[in-house]
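Both of the next two complexes hold subunit A, though its partner changes from subunit B to subunit C.
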Partner chain A sequence: MVQDAKEPSVTAPETERGPRRRRPGRLRRISLPYLLLLPALLLEILVHLLPIVIGGVMSFKELTQFFIRDWGAAPWSGLDNYEIAVDFDAPVGEALLHSFFVTCAFTLLSVGLCWLIGTAAAIYLQETFKGRGILRALFLVPYALPVYAAVITWGFMFQRDNGLINHVLHDQLGLTDSAPFWLIGDNSFVALLTVSVWKGWPFAFLIMMAGLQNIPREMYEAAALDGAGMWQQIRRITLPSLRPVNQVLVLVLFLWTFNDFNTPFVLFGRSAPEAADLISIHIYQSSFATWNFGTGSAMSVLLLLFLLAVTGVYLWVTSRERKSVHV
Partner chain B sequence: MSSLRMAVRPRGAAKPRSPMAAPRSFLWSRRIFLTLLTGFVLLPVFVMVSSSLKPLEDVSGKFRWMPSGLTIRPYIDIWKTVPLAKYFMNSLIVAGAATVCSVVIAVFAAYAVSRYQFRGKRVFTVTVLSTQMFPGILFLLPLFLMYVNIGNATGIALFGSRAGLILTYLTFSLPFSIWMLIGYFDSVPRDLDEAALVDGCGPIGALFRVVVPAAIPGIVAVAVYAFMTAWGEVLFASVMTNEGTRTLAIGLQGYSTQNDVYWNQIMAASLVVSVPVVAGFLLLQRYLVAGLTAGAVK
Partner chain C sequence: MRRFRAAASVGAATLSLALTATACGGGSTTGGGGSNDSPKTLTYWASNQGPNLEADKKILKPELAKFEKQTGIKVKLEVIPWSELLTKILTATTSGQGPDVLNIGNTWSASLQASGALLPWDEKNFAKIGGKDRFVESALGSAGAADKDPAAVPLYSMAYALYYNKKMFKEAGIDKPPATWDELVADGKKISKGGKWALGAEGSNLSNNIHQVFALGKQHGADFFTEDGKADFTSDGAVAAVKQYVDMMAKDKIVAPGNAEYAQNQSLSDFAKDKTAMVLWQAAATTFKSQGMSEDEWGVAPVPVGSGAPGQGKATNSMVAGINMAVFKNTKNIDGSLKFVKFMTSDAEQKILCKSYGSVPPVKAAQEDAAFDRPELKVLRDTLAKSAAPLPQVANESQFETAVGTAVKNLFAKAADGGEVTTTSVKAELVKAQQQMSQQ
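Now for the complex of A and B:
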């Protein structure tokens, strides 16, 4: 009876595949994985691969606001867009290069700090103590909060006249002579970095905690028997064991931070101050402010090539390292 | 009492690390580090909560730790200043639909990769994963043009509609979901679904009766991740929505007008839109940690 009741759920997907039902079993076994992959594949092609191809084509066209409705009709412009983007003596290229350097510095600092804080927190929380569970949940709050809600709050805190930061630094501690601006001018880099680290470190923490769980307890016991103290255990066992996890984590953090759009966009609006002009927002701004999609696409393609190169080199180096460790 | 403490301790937590007693230097550095970090993490949360309960004059002038008076007015006004309920609905529909679709599609794809050998398997996984590294800005302009052109050619309104946003968002979480579920499905013993196949289940039957139930924690983790991704997305929401389909990510900007910035209302609204995801996340975080262990850390 129970068998009968469950029967439809088994046959339903079979009938959906219609004519394939009559095929011989072997053929169906071969085509089945492809059928299962089909929806994912179609969507990836439609929303990820096709746009990349179109973006590549767009970068060779003179795509201004007159051709938005029918971008295929835009005239070809050869390498003009790329020449504009990399002409570092002209305003457009100069601004792009500046934005690139700002992004590099920002990414380096942000990833470094996120990694450091996340790793330290994971190691400190590895052992049980009172309040550990609460801290663990608390530390994940920045990760769980929607970006815009969190960043808007930081934006409020960084307000010159009514924000908490200036109130503490200037009014209460007297560390600054006058209340500085945080969201315009050079300080904006510090503000952006603070928000980015606050938002980003819990992910490192999460991954590191997962990595720590995989270290066998026996290794610590053996080390303790040999007389290794706790700091030594952390240096000799914990950190080396985290290496493979680190390699994935650093790459992911790098890509996310380098491509981050949400944080500067919510913090500064459509155009970021020069000192915090991250590449994503720079491309957005230079595309939509001037409706010059061709140059914007060329910049996007250059960005992609750079990321591919960095990722390639990184994976090559880390995989070589892994091999040499095993040999 | 002891059973209560057992229940409070997160189950996914790592076992005690060392059989040795921790030295004093470790305990001190831990205390200092964790105190500072807790302050850093909580500061914006404090500002969000306290400012949301202040009258407007308290958030317009100098920052005050202690408000002159507490009020719940901002929580009433947020629904009138901007159509917050509508934005909330839009976000809920878009994120909910994107999550359901993304999870279902990822389950099928991950099952195929985990259980079958086929030509192009490696190419598929590498391609899907590498789309994760591309900057969102790269897709934005072409997708924008594609959706406009599809709309012009077929009348299917993708640009400015919820459908377009759902379609976009579900692919954002898809690569990571597939990746994580492959790891999860791999950890479900093959014998289980092979037994189901022998007993007369089709492959789909084995997937839904055996593999999916055994991998529920991973599927929950993936769903949480997909929902959070869609709920927090700003870039595409800013370009691809109009007045009727605007999501919370963009709607919250409506509290700053030419004359006034209603910081107390902004904070109240931020809190209201955060509570569902944060609560959901904290309730389900141990699944996410477990999922990351199975999928990412190998």
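Now for the complex of A and C:
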């Protein structure tokens, strides 16, 4: 966020001209961008920073039903909440660790698949052909639908006895011996992943398509003249040119997926099956369903630290890569 | 530079995204016991009682108009689905931004009472709505902890009963509903064949699981809480109760495995479609009607007990189910709120509302109305009066619903997958639930 504040330096060339002509305006010119940023900064503090600080404070309190109305009066509990959260031999910590691993596996698979399908579709739709516009619009439908309605529909389709999925897999194609459960037991992971990828890949597709528009056609023409085939063009031109777009896309997808609450909540309700117990819903359950906001807050803070660490390492690595490319 | 900016904005986006994870709750409230700053309006959160939210609005709106005509107070109505009600109440409690009057599930009374967000119903407040004696005792027992002033007033009462599909009973050659669990299982085995099943369950609905195992627990001499309010989920009685319930799917095979994923009252539509012969439910008449079932197609009997004769203690066959009406302590229209509660619990309104919802009035005088002599309501009324017990009125009742409800859900999932449910596996799930409670 500190980097954000430096943004005005982009307009540096203009300010260089300023002082020579009108000195008194200089201060105003320099401060104007900061003034313009001020409302956003204030909102950022109000909407994001303040809740974080409050969440942080809550994590050191014994915040149960007896104090939720006036949480400031809740007794301090020191590091108790954190100890409970990371005591992996006791049920609460054990369940948190389990849900962390489930979330990691889920995120890796979901982001990977979203990226793969989105990229493939974007590359495929670069060629002009009849019906391309319709296909493009169609691919974006999952992205445009309200999440709640879409996920509820998936929930219906995944029902064991009356759902469409089993009707097709079992009754029509005969791929399974008996109708499997999708919303309880181990298969719930597959169901969750399916909905997540269905929901997520159009975003990858959209961003990739935008990225592809920026690659000059001449590069492909030149490569084709030199005898490069389609695969070589994708490997040598498309993917390297898309790298900056990809870096942002993967990071955003990672954060969205890791924190996804809506999908599992609508699909499974307030207590998800163990195989699909994503961390956001797990924290929700620890806070809202068992009315222990202190432990829930401690878990949230741990999650935040983890995501910040991953993001930090990711940005550091990718910026190093970029530098080495330029040198 | 463009890349740098992209990275910077992603950095900012990351932070804000990560933060959303921590943004759970916050904010404190001013204390206060209500004021009369806004005497002309009231906000009322009604729980979803009818087949859908629209049906509720249709039932309640004319009554609210009546209240407005009488008092000049306009009531803003919001009907809230069950799945969201508790979370919304909690949010309102933490933020202090809630309705003036609201419906709560009566099992949450003690938990919400502990938060201090609800107006206590002392003698003075009760006097304003006609006194405590107007209400049925068992209903008052589910309005808060025994040693405190109630946190709410009973609004609609319900109890569990055994609803049976007459056509399916006839086809299986059964002439009367079972009175004991042994009879139920024996009848069930006759019915459960060829895609038909004897009993419906809502295996993924945590609250329903709790209601069922609580009554069974009483029959096995278990209460799930010790007398001083500590969790006691692993007693032999509790284990036996949970095992008996899940075994109806796992061992007796009279509950369809698909019921393990039910949580949206699907078992009621199976019942209406002649796929399931029995359900243990509270006031199901309106739902059956909305599913196109006429009243002579189903019958009602008390929920079975070991002895065949429901009563107290080990013959308890239902929880005291129902809805209570509460006033938010920091209401800006305390007089209006009390007037509204008085109106909704008046003899006349109780008759109208309970008739529409198919529930039993917790107000004694209203119960006398001939409309509540229907066979179904007679069973529910008798159960409430003689053989129902309120869920433990302890502050962590809500956690109990989540922890033990989830344990039962997990066991059903195992049973549905063909896994064996043993005393050991039941106990292991309940131990886990209890440890979670004690750690929190």
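By definition in this document, the second predicted complex is superposed on the first by the 288 of 327 C-alpha atoms of A that agree within 3 Å, B and C clash if a C-alpha of one lies under 4 Å from a C-alpha of the other, contacts with A are read in each partner's own complex, and residues count from 1 in each chain.
In this text, a contact is a pair of C-beta atoms (placed from the backbone, for glycine too) under 8 Å apart; a residue touches a chain by one contact, two chains touch by 3 or more.
Note that the structure is predicted; figures quoted are calculated from it, not measured.
Output check: A:Ile52 vs subunit B and subunit C. Expected answer is one of first, second, both, neither. What do you get?
both
For A:Gly185, decide between first (touching subunit B), second (touching subunit C), both and neither.
Second partner only, subunit C.
Identify which of subunit B and subunit C touches the larger number of residues of subunit A.
Greater contact footprint in residues on subunit A: B.
Can A:Ala120 be said to touch subunit B (first), subunit C (second), both, or neither?
The first partner, subunit B, only.
Looking at the overlay, does A:Gly296 come into contact with subunit B only (first), subunit C only (second), both, or neither?
It touches subunit B and subunit C both.
Answer with first, second, both or neither: which of subunit B and subunit C does A:Val250 touch in the superposed model?
After superposition on chain A, A:Val250 lies in contact with neither partner.
Which partner chains sit in contact with A:Val92 here, subunit B, subunit C, both or neither? Use first/second/both/neither.
Second partner only.
Per the definitions at the top, what is the overlap between the subunit A residues touching subunit B and those touching subunit C?
On subunit A, the residues that contact subunit B in one structure and subunit C in the other are 6, 10, 44, 48-49, 51-52, 54-55, 58, 68-71, 161, 244, 248, 255, 259, 280, 283-284, 287-288, 293, 296-297, 300-301, 303-304, 307, 311.
Note which residues of subunit A are touching subunit B in the complex, please.
Touch list, subunit A to subunit B: 6, 9-11, 13-14, 30, 32-34, 36-37, 39-41, 43-44, 46-52, 54-55, 58, 68-71, 117, 120-121, 124, 126-128, 132-133, 135-150, 152-154, 156-157, 161-164, 166-167, 171, 198, 206-207, 209-214, 217, 220-221, 224, 229-231, 233, 238, 244-245, 248, 255, 258-259, 261-262, 265-266, 279-280, 283-284, 287-288, 293, 296-297, 300-301, 303-304, 307, 311.
Which of the residues in subunit B end up touching subunit A in this complex?
8-10, 12-20, 22-23, 25-26, 29-30, 33-34, 37-38, 40-45, 47-48, 51, 59-63, 105-106, 108-109, 111-113, 116, 118, 121, 124, 127-128, 131-143, 145-146, 148-149, 152, 167-168, 170-171, 174-175, 178, 201-205, 208-209, 228, 231-235, 238-239, 248-249, 252, 263, 266-267, 270-271, 273-274, 277-278, 281-282, 285, 288-289, 292-293, 296-297
Quick check on the complex: what are the subunit C residues that touch subunit A?
So the residues of subunit C touching subunit A come out as 1, 3-29, 31, 83, 86-87, 90, 93-94, 96, 111-112, 114-117, 203-204, 206, 256-258, 260-261, 263, 395-396, 398-399, 402-403, 405-406, 409-410, 412-413, 416-417, 432, 435-437, 439-440.
Which subunit A residues qualify as touching subunit C in the complex?
1, 3-4, 6-7, 10, 44, 48-49, 51-52, 54-56, 58, 64-66, 68-73, 84, 90-92, 95, 159-161, 181, 183-185, 244, 248, 251-252, 255-256, 259, 268-271, 273-274, 280, 283-285, 287-293, 295-297, 300-301, 303-304, 307-308, 311, 315, 318-319, 322
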